[in-house]
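Look for subunit A in each of the two complexes below; its partner is subunit B in the first and subunit C in the second.
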Partner chain A sequence: MSNINRTDLIKQGAIWAFIAVELAFFSIAGKFLSVTDATFMDPENMLLLLKQSAPIGIIALGMTIVMINGNIDLSVGAIFAMSAVILLDSMGWAWMQSLGVWSIPISWGLALLTGVVLGAINGLIVWKTGVDAFIVTLGSMLGYRGLVFMYNGEQPTSHLNWTLVDFAEARFLGLHTATWFLLVVALILWLVMTRTVHGRNAYAIGNNREAAVNAGIRVGPHFLWNFMLIGFLSALSAVVFYSESGSVNPNDGMLYELWAITAVVLGGTKLTGGYGSIISTLGGVIAIQLLRKGLGHIGSDTETVNLVIGLILIAVLFLDRQLNRKGKEELRV
Partner chain B sequence: MTDQSPILRLENIVKAFPGVRALDGVSLDLRPGEVHALMGENGAGKSTLMKVLGGLHQPNEGKIYIGEKQVVMDRPQTAKQNGVVFIHQELSLADELSVAENIFLGELPRKSLGRVDWEKLYTDTDAILDRLNVGFNARTRVGDLSIANQQMVEIARALTVDPRAVIFDEPTASLTDSEKVVLFDVIADLQSRGVGVIYISHRMEEIFKITDRISVLRDGSYRGTLNTAETNEEDVTQLMIGRKLDLSRNKVQHEMGDVALEVRNLSCGKLFHDVSFTVRKGEVVGFYGLVGAGRTEIAETIFGLREPSAGKILLDGQEVTINSPQDAIARGISLVPEDRKGQGLVLGMNCRDNMTLPQIGELTSGPFTSDKAEVAIFDKYHDALDIRTPGWRQTVGNLSGGNQQKIVIGKWLSMHPKVLIVDEPTRGIDVGSKSEIHNLIRDLAAQGYAVIVVSSEMPEVLHVSDRIVAMFSGRVMREFTTEEVTENNLVQAISGLSEDRVA
Partner chain C sequence: MAEISKAGLSGFLARQGIIVAFAVFMIVFAIANPRFIDIDNISGVIRSSAILGVMALGVTFVVIGGNLDLSVGSMMSFSTIVVLDLHDKIGPALAIPAMFGMTLCLGAFIGFLVGYLKLNSLIVTLGMLSAIHGLTLTYSGGQNMDIADKRGTWFNVFGQGDIIGIPIPILMFALLAAGLGVVLSRTAFGRKVYAVGGNGTAAVFSGIPRARIVFLTYLMSSFCVAMAGLMQASRSLGSQNTVGQGLELEVLAAVILGGASLLGGSGTIFKTVIGVLILGFIQNGLLLMGLAFYAQYVVTWVIIILAVWLDIAAKRGRLLSPIA
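Showing the complex of A and B:
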C-alpha cells in the first residue's frame, strides 16, 4: 500500500518540486542578472504573484475538471471576455445606476449567469450531438468571440466603480481579494473532485466511458454540469479581474484557453482524461506565473518567456511519458 | 504430394505467459500444396501458435524451420521475408485508400524523387486481382467494398510476395456461402502452385471439404494430426475435447425457485432472431456458441445497451421495458461484461471505488461520499469473494485477471441483483482462478440468484450450467439439460449442423 501512495506522491509532488527549483534558480540568478535591486523571493512580490495567477488560475481549475471528465473547453477565453463585457456594461445601465451599491451584486450575477449559460450551450451540444468537445468548443470559441464584437464593435467597454475597485484591491490576512477567490475555488473544487459523487463519476467517465455507462452512470448530465461549471468559473475570473481594471477590450482573454490547458497539463492531468488533481493544477498555475515573473526579473522579454514555457511543457510531458512507460514494463515481469 | 519434405516445420514450441502455459511443446509441419487444418477450442493455443510463427511472440523454447533452414522469427517482417503470410480474421485495411494502395502499403513502387509510380502500382495490382477473379479493380476505394471483397484485398496483399505458406485465420467467419466458394477456389489455386496453407476454423463442414490433414490442439498441447480422408467429425471432436467430463460429480444440485427472467421472441436486427428462454431463481443457464453467434448481444439487450427490434422481457412474470443500463440496474439486472478491462472496470481507479461505482450516489453523508459506507461494502465482498489485494487503495489495473473479475462480480453483488449475467467469466484468467470463479458462480446460484453465463469454452459451460442454450448465427439451435447433453451434440448444435442429426 505504501508503494501505491509513493507513486501518487511522486506524481503529485513533482510540480511542487519544480516550483522549488524555479524559486531557487531565480533567487540565485536574480542576484547576478536582475535589472532591479529587489530580491525575487520578497514576500510582497510572492503575494503579488499569487494575485496575478488568479485570472488564468480560476479558469485552469475548471479546465482540470473538464479534462478529467475526458473533454476540453477552448471557449473559456471568449466566455471570459463576454462576461466581462456584461459586467461592465450592465453597471452603466440607467436603472442599475439608480440602485446605487446594489448594482454591484446584480451586475456580478448577470456576468456569472452569462458564463453559466454559454457553458450550458457547450455542454448541451456535446451531450446531445455527441460531437467531440474539442470541435464543439472550437466553434463556440469563434462564435462567442463574435458575440463580444457584436456587442460593442471594436470599442472597449468601460465602467469604473470605486466601491468595486476598493473591494478588488482589499487585502484580508495579507492576501489580495483575487488570491482569496483562487484559493476558495481550489478548495471547493478539490472537495468536489475527491469527496462527491459528481467528482467520482467524472473520473470514472474520463478513465473508461464504457465501463461508466455499464455501471449505470448517465454520462451526458455530468458533461453538462462540468461545462456549466467552467463557464461559471470563466465568468468568475472575469468578475475578479475587471472589478479592478474597469475596462475590457474585445480581444481580452484570447489564448487564455491555451494558458489554462498548459497549467493543467503541467500539473499532471491527462489530456485523455481520467487522471488529474485540482491541487496539482494550482501548482501548474503558480509554476507558470513564477516562470514569467522570474524570467522578467532576470531581464528576459515576453517572447523569450513564451519560448521557455513552451520548451518546458514539452520536456515535462516527455518525462511523464518515460516514467509511465517504465512503470508498464515493470508490471510485465 | 504428401511425400515431399515440409516447407515449414514447428518443433516443440513452448510459450509461457505469467500464470499460463499457453503452448506446451507443440509441433507441426506443413507440406507443399497441402491444406492443413488447425483445430482446437477457444483458448487451446491456436492463435498463440500463429503469433509465434508470425514473429509477434517469442517462444520460450522450440525451433522454427523454413525448408531445411532454422529461422528465428524475431519480427513480423521476418515471417514475410521467409514467405510466410497471414490472412487475419480481423481486417487491417485503410478504408480511405484504394485497393492498390492497400495491397502495396509500405512498398509502393517509386520513381525518381520519391514519386509514386502509379502506373506500375495499378498494373501490378490488376495482375494479382486477375488471379483472384474478383469484381473490383485496383482503383476502387476499399471502404466501398463488401467485407468479403475486403478479405480478398487482404489475400491479394499476401500474394504480392509469392508466398510459400499462407495462414488463414477463420476466413469464413463473415462470408456468405457464395463468397466462400470464391475463397475455396483461391485456396485451391494456391495449392496447385505448391503453396502450403494452414487453415484455422471451427467449422467441421469446411474442414472436411478442403483440407488434407487436421492437427488438433487442446489446452496448449499438441493432440495429434489426422489425415482428413481417414477420419470423421466425431473423432476430431473427441480429440478436441479430450476426456469425458463427469458432469454430475462436479455439480452440487440445489433447490430452484420461480422463473426470475423470461425472454420471449426477442430479436435485435440482424444480430439475433426470435430468442426465447427462461431462467429460474437458483439456476445457471449457460449460453454456448461460436464467436458472433449473438450471445453477447442478447446479454447486452437485456441489460439495456441495445434496443430490441421485437419481443418481450419479463421479470418475475411482469413485462418490463428496459431502455438503458440504469433501468436494468434499477430492476435488478446486472451484467459482468465480456471485456473486463474495456467495459467492466475503470482501470485507473482503486478497488473500492470500482466496486461502489454503480451505487456511489446512495453512499453519501450530506454532500460528500461516505468513506465508511464505501469501505464497509468493499470489506464485505473482499472477504466473501476472497479477493487478493493489498488493500482497497490498490489500483485495479495492477490486479491479476482473476481478482479483477472478482471486483466486477463483487460490484454487482453489492447491488443485490435478481438476475446476474456473466459474459465470458474466465476469459484471460489463469487455470487456478478459473475454477474459483466457477465455484463462485455455482455458490451464487445456490444462494438464489438467477444466473446467465455466456461462454465460448465448452468445459466451462458444462461445468457451471444447469441448462445450456446452444446458439448458432443469431438463433437458438437447441436447449439441453445437464442430463441429456453430450459434447458431440453440443458441438454439432453450435456448428449449425442440421437439427435432425442432433438426436
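Showing the complex of A and C:
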C-alpha cells in the first residue's frame, strides 16, 4: 500500500522538482551567460512569468479535465481566436459604443458565449455521432479557423478600450489581473475535480467507460459539459489576453492546442484518461513558461525553446512509462 | 440481379462510400460550373495537391500500422530548408541525397521511439513537431532560405518541369502512389503492416516483428516527407521556415477522408489518393463558385465529420451513438 502511495507522490511531486531544478539551473547559468545584469529569480520577473503563463494556462486547465475523460480537444486555438475576434469586433459596433462603459461586460459575455457555443458543437458531435474526439476536434480546428478568416478576412481586428487596458494592467496584492484569473480558475476546477460528483465521474469515465455506463453515469451529457467548459475557458483566455493587447490576427492562437497538451502531459495526466490533476497541470504550465523565459535569459535563441520542449515531452513520456511499469511490477509481487 | 438487398446496398455504400461521394461531388460541381472539368483545371488541381498527396501516402502506412504522425508538417519545412541551403553550398546533386539522409534520420528516431520503446505516437510526434520546428529555426537562424542563382540551376525540374506535357509533380505523385500501393497490397511487408495495426498482440504471437514494422512505417513516412520537401523547394526555389506548418492536419484529414481508421488496420493507398483529390477539388470547386478561400476549411470540416460518422454508423448499424 505504501509503495503505491510513494509512486503517486513521486508522480505528483515530479513536476515541482523539475521546476525547482529549472530555477536553480537558470539562476546559476544566468550568472555566467546572462546578457543583462538582471537576476533571474527577481520577484518582479517571477510575477511577470505568472502573468505570461495565464493564456495557455487557463486553456490547459480545461484540457486536463477533457483528457482525464479520455478525450482531447484540438480546436482550442481556433476557439480562442474566434472569441477574441468577437470580443474586439463587438466593442466597435455602433449600438455598443452608445452604451459607454457597459459595452465591456456585454462584449465579454458575447465572447464567452461564442466559446461555449463552439465547445457545445464539439461536445454534441462527440456525444451523438460517437466519432472519436480527436477526429471531431481536428475537423473543427480547421472549420473554426475558417470561420475566423471568413469573419474579417486576413485583416487584424482591433479595438483599444482604455478602461479595459487599465483593468487588464491593474494589480491586486501584487499579482496581475491575468494571474488572478489563472489562479481562480485553477482553484474552482480543483474543487470541481476533487470535491464534486462531476469530478468523480470524470475520473470514472476515463478509467473505464463501459463500467461508468453500467454504473449509471450519463456519459454523453458529461462529455458535452466538459467540451462546453473548455470552450468557455478558451474564450476566457482570449478575453484576458486581448483586453490588454486590443488587436487580434486571424492566425492568433495557432499551436495553442499543442502547448496546452504539452503542459497537461508534463503535469502527468494520462493520455488514456482516468488519471491527472489540476494542480500538476498548473505546474506543467509554469515549467514551460520558465523554460521559455530561462532560455531567453541565458542568451540562447528563442527558437531553441521548441527543440527543448519537444525533447522534454518525449523524455517525460519515457520516464512516465518506466515509472508506471515499476508500479505494476511491485503490485504483482 | 434485380434484388439488391437493402443491407447489401448500405454495405456497399459503407465500403465504397468515399468513391461514390467523390463521383457525386464532381458531377454536381461540373454541372454548376463547366470550367471545373476543364483539363487544365483538373491538371492544376492535381498538381497543387501533389505535395500534400505525397505526404499522405507515407502517413497512410503509419496510420494503418495503428499510429499517428503529426510531425510531417514541420519535417517537411526542415527538408525544404535543408535542401535549399545545401543547394548553394554543395550543389544540387549532393544536396538532394544529403537532405534525404537527414530526413530519414529524423524518421528513424521517431520510429525508434514509437516502435522499439513503445511510446505513445501522438505525444512523440507532437513533441517532434515542436522539436523539428526548433531544429529548422536553429539551422536557418530564423532567416528565409533562397537559392542565389534561380535561373542557372536544373533544380527546379522537380516542381516546375514536365515530361510530354505531364507536370513532373503529378508524375512523381502517381509513380509513388503506384509503387507504395503495390508495396502495401501485394507484399509480405504490406500484409504485416495491416496485421500490426489490426491486432498488435495477435501479430506478435504469429511471429511478426511488430517493433521493426512500426519503425519501417515511420521510415517510409519520412521518405515521403523528404520527397514532398524536394518538390516544394524545387517549385518555389526559396522558402520560409514555416512552409509546412499545419500540413500535418490536412494530411491526416485526407487519410481519414480516405477511410483509414485511426485505430489502425484499415485503409488503402488508392483511397488516400481519393481523399487527397477530394480535398483539392473541394478547394478548387468552392473557389470557382465564388466562395471565399477560407470557406473550404468549413466545408472540409463538415465532410470529414460526415465521412467518419457514416463509416462508423454503417459498422454499428445505427446512425446515432449508443452512448447515453
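We take it that the second predicted complex is superposed on the first by the 328 of 333 C-alpha atoms of A that agree within 3 Å, B and C clash if a C-alpha of one lies under 4 Å from a C-alpha of the other, contacts with A are read in each partner's own complex, and residues count from 1 in each chain.
We take it that contacts are C-beta pairs under 8 Å (C-beta built on N, C-alpha and C of every residue); 3 or more make two chains touch, one makes a residue touch a chain.
Keep in mind it's a predicted model, so treat the numbers as computed, not measured.
Of the two partner chains placed by the overlay, only subunit B lies in contact with A:275; subunit C stays clear of it.
Contacts of A:218 after superposition: both subunit B and subunit C are touched.
Residue contacts after overlaying the shared chain place A:136 against subunit C, while subunit B stays out of touching range. By the touch criterion defined above, A:195 lies against subunit B but remains apart from subunit C after alignment on the C-alpha atoms of chain A.
If you count the residues of subunit A touched by subunit B and by subunit C, you find the higher number for C. Of the two partner chains, subunit B is the only one touched by A:210; subunit C is not.
Looking at subunit A, you'll find residues 213, 218 touch subunit B in one structure and subunit C in the other.
On the side of subunit A, the complex with subunit C involves touching residues 74, 125, 127-132, 134-136, 138-147, 149-150, 153, 213, 218-220, 223, 254, 258, 261-262, 265, 271, 301, 303-314, 317-318, 321.
Those residues of subunit A that touch subunit B in the shared complex are 1, 4-5, 191, 195-197, 200-201, 203-204, 207-208, 210-218, 274-275, 331. Here subunit C touches subunit A in the complex through residues 113, 117-120, 122-124, 126-135, 137-138, 141-142, 245-246, 249-250, 252-253, 256, 262, 292-298, 300-302, 304-305, 308-309, 312-313, 316, 320-324, going by the rule given at the top. Put simply, subunit B touches subunit A in their complex at residues 303, 305, 324-326, 328-329, 335, 337, 342-349, 353, 357-358, 360-361, 364, 367-369, 390-391, 393-395, 398, 411.
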